[in-house]
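Should a chain be cited, it is by its letter among A, B, C and D, assigned in written order, with residues numbered from 1 in that chain.
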Amino acid sequence: MLIVMKPDAQRSDIEKVLHVIETLGFRGHQLPGENRTAIGVTGNRGAIDPAHFENLPGVADAIRVTQPYKLISKDAKPEKSIVKVGNSTIGGPELAMIAGPCAIESREQLFTTAETVAKSGARFFRGGAYKPRTSPYAFQGMGEDGVKMLAEIREQFDLNIVTEAMDEHGVDAVEKYGDCIQIGARNMQNFSLLKYVGKTRKPVLLKRGLSATLDELLLAAEYIMAEGNYDVILCERGIRTFANHARNTIDLSIIPAVHRLTHLPVIVDPSHGTGHNYMVTPLARAGVAVGADGLIIEVHPCPEEALCDGAQALTPAQYLDLVNQVQAIHEVVSEPAPVFIEDQ
Amino acid sequence: MLIVMKPDAQRSDIEKVLHVIETLGFRGHQLPGENRTAIGVTGNRGAIDPAHFENLPGVADAIRVTQPYKLISKDAKPEKSIVKVGNSTIGGPELAMIAGPCAIESREQLFTTAETVAKSGARFFRGGAYKPRTSPYAFQGMGEDGVKMLAEIREQFDLNIVTEAMDEHGVDAVEKYGDCIQIGARNMQNFSLLKYVGKTRKPVLLKRGLSATLDELLLAAEYIMAEGNYDVILCERGIRTFANHARNTIDLSIIPAVHRLTHLPVIVDPSHGTGHNYMVTPLARAGVAVGADGLIIEVHPCPEEALCDGAQALTPAQYLDLVNQVQAIHEVVSEPAPVFIEDQ
Amino acid sequence: MLIVMKPDAQRSDIEKVLHVIETLGFRGHQLPGENRTAIGVTGNRGAIDPAHFENLPGVADAIRVTQPYKLISKDAKPEKSIVKVGNSTIGGPELAMIAGPCAIESREQLFTTAETVAKSGARFFRGGAYKPRTSPYAFQGMGEDGVKMLAEIREQFDLNIVTEAMDEHGVDAVEKYGDCIQIGARNMQNFSLLKYVGKTRKPVLLKRGLSATLDELLLAAEYIMAEGNYDVILCERGIRTFANHARNTIDLSIIPAVHRLTHLPVIVDPSHGTGHNYMVTPLARAGVAVGADGLIIEVHPCPEEALCDGAQALTPAQYLDLVNQVQAIHEVVSEPAPVFIEDQ
Amino acid sequence: MLIVMKPDAQRSDIEKVLHVIETLGFRGHQLPGENRTAIGVTGNRGAIDPAHFENLPGVADAIRVTQPYKLISKDAKPEKSIVKVGNSTIGGPELAMIAGPCAIESREQLFTTAETVAKSGARFFRGGAYKPRTSPYAFQGMGEDGVKMLAEIREQFDLNIVTEAMDEHGVDAVEKYGDCIQIGARNMQNFSLLKYVGKTRKPVLLKRGLSATLDELLLAAEYIMAEGNYDVILCERGIRTFANHARNTIDLSIIPAVHRLTHLPVIVDPSHGTGHNYMVTPLARAGVAVGADGLIIEVHPCPEEALCDGAQALTPAQYLDLVNQVQAIHEVVSEPAPVFIEDQ
């Protein structure tokens, strides 16, 4: 159920509604919008009688939700969410650029890359300390030591840190030292982990699973939000298909679909999405052209020596060139004119 | 085998090489480039001894080809092919816009749409007279009557006609009345039809099959070229995957892969590629941003009344808006600067 | 529309109904069943008024069909179809075994293989004369010479001939010299070809396309039947997925789905379905266990020398062992007991 | 690296080798076989010099492993593993039947189902207490209370308990009260969880992920074994494809592939693999026919009232009929004769 408050509803009206929800044994989620606040109700097993709310002061409407998702939907919050990550944002008018190496390998590699990233004007730095690897014998990342190094990067370069966590221990470390907790594709339906990050107060970058449908992606975000963490950013990073010219198949059609159904920002990862250096820049351009709110890009000072996924990393020079190109595209798609006629 | 001629090779040198090839029982394919001509040899079952050619006048090199494709490859012709279609071209610096209804339904529908398309500045008109339909009981198209109507469109609006043929009869009709023969996704591996269009002298628009790999697409083009028709344009129109938010999954990563391996132009079909009106414009922008040479777009004066695929057709107004957006993107990606660093 | 005749309807009643259908401008398809005849009506664009038929003598019911398929459906003919192929049948109580080489390569190879196949008790021989090959430079088959050789096999070994046609010319040859026209996976939606074989009077073996849904497969069969050829046998031969341990992914769940919806027989091709010799026998057993009406198996006297698909061909000894195994499984699944509780 | 001991190697020889491995800073894994013991070495980053081991007493050979998997491979242990689960086994000559409801809903439902399962002769009971659900608002299972109920089932019916864990807390509960820890498809690449169950001493049933390749499945098993838990059973439960007649596409070709590469047992789940009641029995027959070591089947006393996945559950009567059918097939495939010629 969604309870839509009147534009002039008072703080006390909202508190009253939340109190009634709690009394009924459910959970209320405040979703403040530009013009009015909506309150999502979760925890109920069946339909709730709207009569509980309709006559409370400040309530405009109490709507039964028939879609499987509530909190992520535009019904709950028609305006697009701008998610605060460290001292910057994702989802606003600026294109969010997140860049850095796939894996943290050494102090030198990390600081060299951060210098490029800072120079490019990006506001976000990525780098994996906990690495989900297909083989147990592959490099598994530097762990907490790596996360601490990222915290130093933040201090020195004023970059906000986005890094993956694979379990509760990792979430605790990233919550402590980083700015945004990344949930990787292979954990997109690790529901216990989703609930755990839903209880933190750091924003979450949720990557689409290799064979996740749109619905499954949205419901994974809903898992996080249902626990009270509303700062979720989605990420398209390629799906698994029969096609073998790229490591994954980037599915850019999901970007307008996400914007149509939800208020959440969504970014594109052309590095994992293609797996080939020469494809990263063209697909980055395409991702921005289709309407993504940002990009996450792998950069390595020396891709051929990378311990992980070197084939897809850009050199610093290539990355700086990419930034120029995508910024020019972003300007075109941001023009006020009747640029986005999405549907009728 | 590829025989590369010296830049200063004479016409007579080329004739001599072609004659030797014929004498050996094979077929020679002249592939003129900017600086030099290459001659592809097909028809051999095993390796050919380069000694047959190395000492002929004007021959620079005779190279064994280890890839499965010969004529489409950049080894054969390093410069990009610009394919002449009617009185215009596809593959050159201008973005090729092909637009029109999915199916020809009536004289009025066709002429109304053509007016919009002509007004938009497009040089190509599409419209299906022979329709491949999943059900035998669905509208199968107007057949030859439709093709003749397209010829009238050409006269009246100076638009070049691109239309599908499904069999030899259709190929004959399109060769007679149209400018470019489209081979649909379901016929991409109809090898008899590929050989048949390979014997015509009209350019061929070859759409990627629903489950075709890059190699299979390229070898389908090679089938056409091996018969002597070198004017092939490839088209990405979405592949079949588990994803269900769009009718097909547009795989834009194939565009840089095609440009890397072949000299052929490649365009994108965001209408069939998505199946949803609201996705067409964003994906059209993405297609141009990724580097496609053109777009093929469905336009209908009244999409909700379309006999075929109305859900994905743009209204004339939406189409004109799309053109503005993609032209702006095309300008960005065409800038002389170091825009395309595709690989190192 | 389906017109169901009473069990005691006379020949003249049926003729009368067919005549009325024709008068209305449609086409009638007699589908005789064990207890009563149904008549499918095709050619109509909208609904037909049942009043045209309800009061005719011998008519039990006139039913509007809401599914996209009419003639293949169990509504039209509840009993399973037993298709006559040469002097034997597919779809009856006996397991149909179709075996032979992928491609006809030589007289000796063909006759050696036929000897094994005949010895095994199989009633059907396969062998490709027209070969759909991904590359234009791969062996394309022996053509009409090959088909004529197959006719000799029939004479000498009393085996019924199943062989692929890729175009009208091939269909004519197979109709003349063979017993069953195979339509390959890549031509499953070559609608012109489907219509053409629908006009022949030889049974058709229709292979599922690499990315065909159940509906698309059934509607491809409907294309053939709508032209008046009701002798269609379906074939599961593996679909294209991300899985890479086999050449295709055999989808055995389609067998019970086909039996549930249609009266047509369906067989399994574990050779193309897996692409690996060591998988053929286990998957053949599984195909029979799941309820297929037959198998089509590649056998080669010397697989390592095969010009086409040698990696999946069985040796004669392996094939004879396969036959023993699948016959034992067939006995188990054919037991009268309550073996098939398909649904409730 | 694999160190293969001589057939007459002494206990002390093995201890000596393990000690050397430890001294080098690596981990040794004893894999006892019928005729000889092999010792897998993990923890090394590069190649190990075989000279460390070749001259130790009792060592037959020290082999560099080039495949990505070591402990699961037939090189390490040529004989098939028979995994002990409670007081029974999986992987031996008997077909392992695991049956029970998808989710534990109530005491009554559980005990009624267990009665059927025990009566059928099955040795294993399944029932989900922790349920991975796509939506946060769907029934999430009874948790630890459910697991405790399963322990009662074991006491009363002498059935061994197989149940899923989704996180460390769940693993602890299942280790305490159950007999076999199931890792679900969505957690197949939850590497932290794999490592955690690798440290328990209860056998693990590892389900293939929805888009997992064979290699990824095997390496997930390797994750568990690399931690010292060698009792892993694999499970095919259907993959995600474009096909829409079943919920997933059961890929039975993976069974012979698993048997070819590894010594681990592998079972089939036709309930999740198809999602439709009427397909379960045919696909169960096929799974046994292809060579699976067992089946896991959903049974519910009243499928239409099930809180989870009712559409695929069998009634008790259907389940008993399935058992009869698959046992008959199992007898056929187990015959001593030359039944399994897998490869040459």
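In this section, a contact is a pair of C-beta atoms (placed from the backbone, for glycine too) under 8 Å apart; a residue touches a chain by one contact, two chains touch by 3 or more.
This one's a predicted model, so the numbers in the text were calculated from it and none came from an experiment.
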Report task. Quick one: point me to the chain whose Cα centre is farthest from that of chain C. Result -> A
Report summary line: Of B-C and C-D, the pair joined by more C-beta contact pairs is C-D
Query raised in the report: How many Å are there between the centre of chain B and the centre of chain D, using C-alpha atoms for each centre?
Result: 50
Report summary line: Averaging C-alpha coordinates per chain, one finds the centres of chain C and chain D separated by a number of Å equal to 38
Report summary line: Residues of chain A that touch two or more other chains sit at 211, 240-242
**Report entry** chain A residues touching chain B - in the complex, by the definition given at the top
**Finding:** 211, 213-214, 239, 241-246, 249-257, 260, 273-274, 277-279, 281-283, 285-291, 315, 318, 321, 324-325, 328-329, 332-333, 335, 337-344
Query - Residues of chain D touching chain A in the complex - result: 42, 68-70, 132-137, 166-168, 170, 186-187, 189-193, 195, 210-211, 215-216, 219, 222-223, 226, 240
**Report entry** Interface residues, chain B side, partner chain D - complex
**Finding:** 240-242
